[in-house]
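Two complexes are shown next, each including chain A; its partner changes from chain B in the first to chain C in the second.
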Partner chain A sequence: MAGEMTLPHSARRERPVFPGRLLRVYFGSLGRSLITLVFLLLAVIFGPGAVKWLLLNATFFGDADACRLNGGACWAFIATKFNLILFGPYPAESLWRPILFLALVGAVAVYGLFARRSYVWVIVLWIIADIVGFLLMSGDLPGLTLVDRARWGGLPITIGISIAGLASAFPLGVLLALGGNSKNHLISTPCRLYVDVVRGIPAITVVFMTFAIIPLILPKDIVFDKLFRAGVGLTLFTAAYFAEALRGALQALPRGQAEAAASLGIGYWKANFLVVLPQVISASLQPIANISIAFVKNSSLLIIIGLFDLLGSARSSLYDGNWQGFYKELYLFVGLIYLAICLFIQFYIASIERERETRISR
Partner chain B sequence: MHFPQNDIVSIITETVMAVSNPVGPQRLRKVMAQCAMAAGLIALLVLIAFTVQQRLEAQGIASGFGFLWERAGFDLSESMISFDGNDSYARALLAGFSNTLKVAVCSIVAAVVIGLVAAAAQLSEHALARRTAKLYVAVVRNTPLLLQLFFWFGVFTVSMPGPKAALQLLPGVFASNRGIDFPWPSPSGWLVVLTLVIGLAASLILWLKNRVVPGSAPWTPAATLTAVLGFAIWSAFAGLFELDIPVAGGFSIRGGGKISPEFLTLFIGLSVYTGSYIAEAIRGAVLAIPSGQIDAGNALGLRSSMVLLLIVIPQAVRIALPAVVSELLNLVKNSSLGVAVGYPELVSAGNTAMNQTGQAIELITIYMAVYVTFNFIVTKLFAVWERRYGW
Partner chain C sequence: MKTFKIACATALAILGIAAPSRADTLSTIKDRGELICGVHTGLVGFGAPDGTGQWQGFDADFCRAFSAAIFGTPKVRFVPLSDQARFTALQNGEVDVLSRNSTWTLKRDTTLGLQFPVIDFFDGQGFLIRKSLDVSKASELDGATVCIQQGTTSEYVVRNFFTSLKITFKPVVIESGTEFFSAFFANRCDVITSDVSQLSVIKLTSDKPDDYVVLPEIISKSPLGPVVRADDKKFADLVKWTIFATFTAEELGVTSANIKDMLKSDNEEVRNLLGVTPGVGQGLGLADDWVANVVTAVGNYGEIFERNVGEKSPLKMQRGQNALWSKGGLLYSPLF
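Our next item is the complex of A and B:
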């Protein structure tokens, strides 16, 4: 290290100088050169094949035979099955309804990005869009034909159940967190037990349970369909994770906050809503984003109990005897949709967090 | 007077005190409210149990766990413990759980390795490695595990040739849409392998001992080694060491060891998925180390590899470990998705039993009990271990 100044760690990064810096990054030491060589080797071995598969030999228009002849990716399969993948077995003549629902949700999403400060209002808009979407899909509006719930499918299900589930799991999680923090053991013990047990079991068992047990608990004449029961399962599951995320922040909040509210004569619920929860929620935005993403991903479990969510209806397109074997294209396409939804949630909540930080620091 | 109002005993004493003592109506109200709530909770549970019982009777399903000892009558495609259709449902669940443990243990090892490599790559200054690792983490964490499992299942079944045209990866190792087949020692072969391992270990120990305490008997390790090698050569000529080598037939590959495509799917899927979460946990832990620690190491003139080894890694391990353990527990829970790709783990075996017997509540209770107990044991063991080593 002779002749080199020992600078603080943070000050060590030098200004980028084009060729020199590149050489140092990729061939600066034996280890780095080896890593670079491995990457080069991989690119030489797999690169041409990947490019050929993705683009050069790919089939964009045509039928399955054309795809098999060309040997590359079969994007024509996605194009042919586009409606089935995105909307499942929904009647073709009414497809404008799920499309309108998706457009509505998309509009709220874009609006949400611009109206970051009024996120409570945006949440209300999400819920309104979800309810309107539900009415549109079922056809419970004047002038629309009814569509049986068994024919719903695809992306609207994934998005619809995610919004409805998260909108109900979050308040439930808040209640569980407050309950778990209660001084009254009759309240706190069941809440904590619930959170610990649910966090210890796989999501799929909770979905199975609500699926099998709800019809047994409720009176005979009330029949809930599969979609509702599965949604309840995912909601109950996710509520426990929200509760755990909020509990940490709740315990980290100085007791003085609640005490100050109490000494001002503010009651328990009002103090929680005005003083405690706003601080707790904004301190746990990152876990909330992760749990929301987990909900979207977990909604794919509906396929196991025979529902057609996005993944389910996509998979059903593989059952067509003419088009068998193009699973890679399909899962790549569907994976990109999930990726877009999850990255949006990540980005949206991160932007709320940034907004909040700038507002506080001002 | 102040009473701790937390446990049931004190609630009762308080009730008695409050009722007998007219002073303090507020406390009385509180206690009454608590009693009412407890009563309501119990009434709700009783009502649910009663309705469920009634409904099951109407459907002609006997409740209770008695069915566990009846004959199962179905087979599992693979099992760690011996199992066939004549065994009981209880044994089917046990066989399923053994498969859960098998795939979980294998995936945990692989996931930790993937996580470490990806974390190192994410933190490295090698831009290509860093970007690749970040892409891997972003893609894998933001798509459903089930989708990834379906993808891997396609890779190991649809994209693989049939047994007739099986790929020969190494001499005797075949990959086909029936999984991977590889040579496996026969029982007498295992005996030879065992003797060799023990002999080699013995000669290594003797050699190490001679280095520490020189001059005692310098010829012992060499003699042991010669004996072991002699035995190996003799057993090879005597035909004791037999390898069961798979043979590719028309419709299947026979003989040798076998890894099923279902196991491969779940193993690769879980490792790749959990690896990305572990990578994030480790990366977060390394970034959480105060930069002053690294500066101090640099200031002492330590080389960067030494700073990593002596300062960064020991602290990062302490910060990352709880998160990594929780991710590994998630891996065990996620192995229940084997039900979607036909790997006969606990939930998969249980669901077959559920379809035959209709004992949904009992079986789901068993799933939950198994996973919660497992979770609880691991968490407690980890807590004890953490306390013992001062973390």
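Our next item is the complex of A and C:
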């Protein structure tokens, strides 16, 4: 089993590249030469225009009139609106707080890449960073002024809600998957029903329902915060996907594993946590990465309930009468930030996967 | 079945208890120490966060006005709301008042548990044209190609307008969004039609905003104003009369700049409005200097208009229908 898992991986591994090999890679056969030529042609057709718009004719300093005069990309717009794009309407004098939060998350991210083995510990660090960030942003610490949550926004919201949401959706998904796999129908039926129902609803509907319905059914003092409600909505939504991803691996796992644990006298929960789940989770790391990436991107739906996530606060910078018509630059910039976050998730989980595979095959 | 009935009854009871009575919005606001105002998530000139994260714009300034009437100085928490969430948020008490470009219609006024106390902005469909066309009136647009947004009432309105003038036009129907105005800038049509406030923004997205002009004619009605909950007449009165106060202040020439001198004025109307002669706050449950505070904080209607959407702003909208009744507009305040 372990041998099978490592085989395709080692075949995928790249070998050192020499000039001769490079030529063979790109022009080795007729097919390869054609593909290379097509790409070169595309670069010749689109390259100069792109470079011209992105760099040569671009405006880096100045105002909107300077941008219109130069005709290229208006990076001056991004520079002027930088704080609003990244941090939304957060009070300017306290901006160091979200910046510190992002730095904290960044530090954990870098640490996570180096400490791939202790990913449980890294997950704990993510959660700690998120809680500290939450306290920093709200100002619930001694010596800090309180900042109303209606003024939170931007990248900290996207990252904060992603960490908190994924950290709560995953355990929920595990429970739903185990429940759905249970022999007791009183447990398995509701779990499967939940997963099927939620997977049949668009994320935006779930977000809007939690926004509109929670205040109606709960006393308003308990749950009145939009951020919290949005987080609950996305968490409940994502948990169903996690459950489904894990259920697949759970069903693929030979029953013998759980039975062997039981025959050793290990109880249900202990057997699941020590024997079943580690195998199930490592077998479903790729879908977990997919769902995490989807969560980050789904957080951009929060603007519908008036929460300024990264995309929302970026768009709010478009509504300045003095800077009209620079949405291309903005979407490009924000797209790059999303791309960086999602590439990181993909890269991080892939590195854990590699780590586990080499460990299992040893 | 019996258990089911009991469960339903219990659920209804809980819902009934949980839906709190908020009939006294003014006391709630005073206890809280700030007004919670629902604003647009982003609309040029009307409500959008500035570089420091503070909400600015025409609608945001009226939030400040309501708050200044209550507290003396503006204490507002701005809650940005999308089109889809705005009425729900007001209904469930998340905001005290909506000040975000909502059109007053019979259906909204009567079926949502909400009320529209007054119109603070008269919007309506107009025309944006190239200056090079050398047209100053819509009636000179004979034979013009007109870009219209698909699926809006504007197509119907514009057809009626041209038919009634007995002039011909060529409609180009385009899906709404960016294509709509890029088609205009790409010369696919001579004229583009939409609400005037939107046209003024579209104009700014072009490379050369000065090459275009919004024609003075308005050919449809789009009455915009603040919204409050229907169950609180007292608070609706406060919102309504705050807006009337900004109209009346402009009428009497009271501005944020001359308010100190105006407090010493001999004009009985001015003395009455600004509370020098007591009585103006009584019926609303406010202090007598509330109008003076509103004008000090945000100015009169003309100042609010010019600063956010008028000549002093990038939008450069004309007063048009939003001028005082005495100057050919529709702003008409009852008596203080």
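Criterion: the second predicted complex is superposed on the first by the 311 of 362 C-alpha atoms of A that agree within 3 Å, B and C clash if a C-alpha of one lies under 4 Å from a C-alpha of the other, contacts with A are read in each partner's own complex, and residues count from 1 in each chain.
We adopt the following convention: a contact is a pair of C-beta atoms (placed from the backbone, for glycine too) under 8 Å apart; a residue touches a chain by one contact, two chains touch by 3 or more.
Computed from a predicted model, the values in this text were never measured in an experiment.
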{"item": "Partner chain(s) touched by A:184 [first = chain B, second = chain C, both, neither]", "value": "first"}
{"item": "Touching partner for A:101 - first (chain B), second (chain C), both, neither", "value": "neither"}
{"item": "Which superposed partner A:348 touches (first chain B, second chain C, both, neither)", "value": "neither"}
{"item": "Contacts of A:217 with chain B and chain C, given as first, second, both or neither", "value": "both"}
{"item": "Touching partner for A:338 - first (chain B), second (chain C), both, neither", "value": "first"}
{"item": "Which superposed partner A:315 touches (first chain B, second chain C, both, neither)", "value": "both"}
{"item": "In the superposition, chain B vs chain C on chain A residues touched", "value": "B"}
{"item": "Which of chain B and chain C A:208 touches, first, second, both or neither", "value": "both"}
{"item": "Touching partner for A:325 - first (chain B), second (chain C), both, neither", "value": "both"}
{"item": "Touching partner for A:39 - first (chain B), second (chain C), both, neither", "value": "first"}
{"item": "Chain B and chain C contact sites that coincide on chain A, given as residue numbers", "value": "208, 212, 215-217, 220, 303-304, 315, 325, 327"}
{"item": "Residues of chain B touching chain A in the complex", "value": "5-8, 34, 37-38, 41, 48, 51-52, 55-56, 124-129, 132, 138-139, 141-147, 150-151, 154, 158-159, 291, 294-295, 298-299, 301, 333-334, 336-337, 339-340, 347, 351, 360-361, 364, 367-368, 371-372, 374-376"}
{"item": "Residue ranges of chain A touching chain C (in the complex, touch as defined)", "value": "68, 80-81, 83-84, 87-92, 148, 150-151, 153, 208, 211-212, 215-220, 224, 226, 303-306, 308, 312-313, 315-316, 318-322, 324-325, 327"}
{"item": "Contact set on chain A toward chain B in their complex", "value": "1, 6, 8-10, 25-26, 32, 35-36, 39, 183-187, 190, 197, 199-205, 208-209, 212-213, 215-217, 220, 293, 296-298, 300-301, 303-304, 311, 315, 325, 327-328, 331, 334-335, 338-339, 342-343, 346"}
{"item": "Chain C to chain A touching residues, read off their complex", "value": "14-15, 18-20, 41-45, 48-55, 77-82, 84-85, 88-89, 92-94, 178, 201, 204-209, 313-315"}
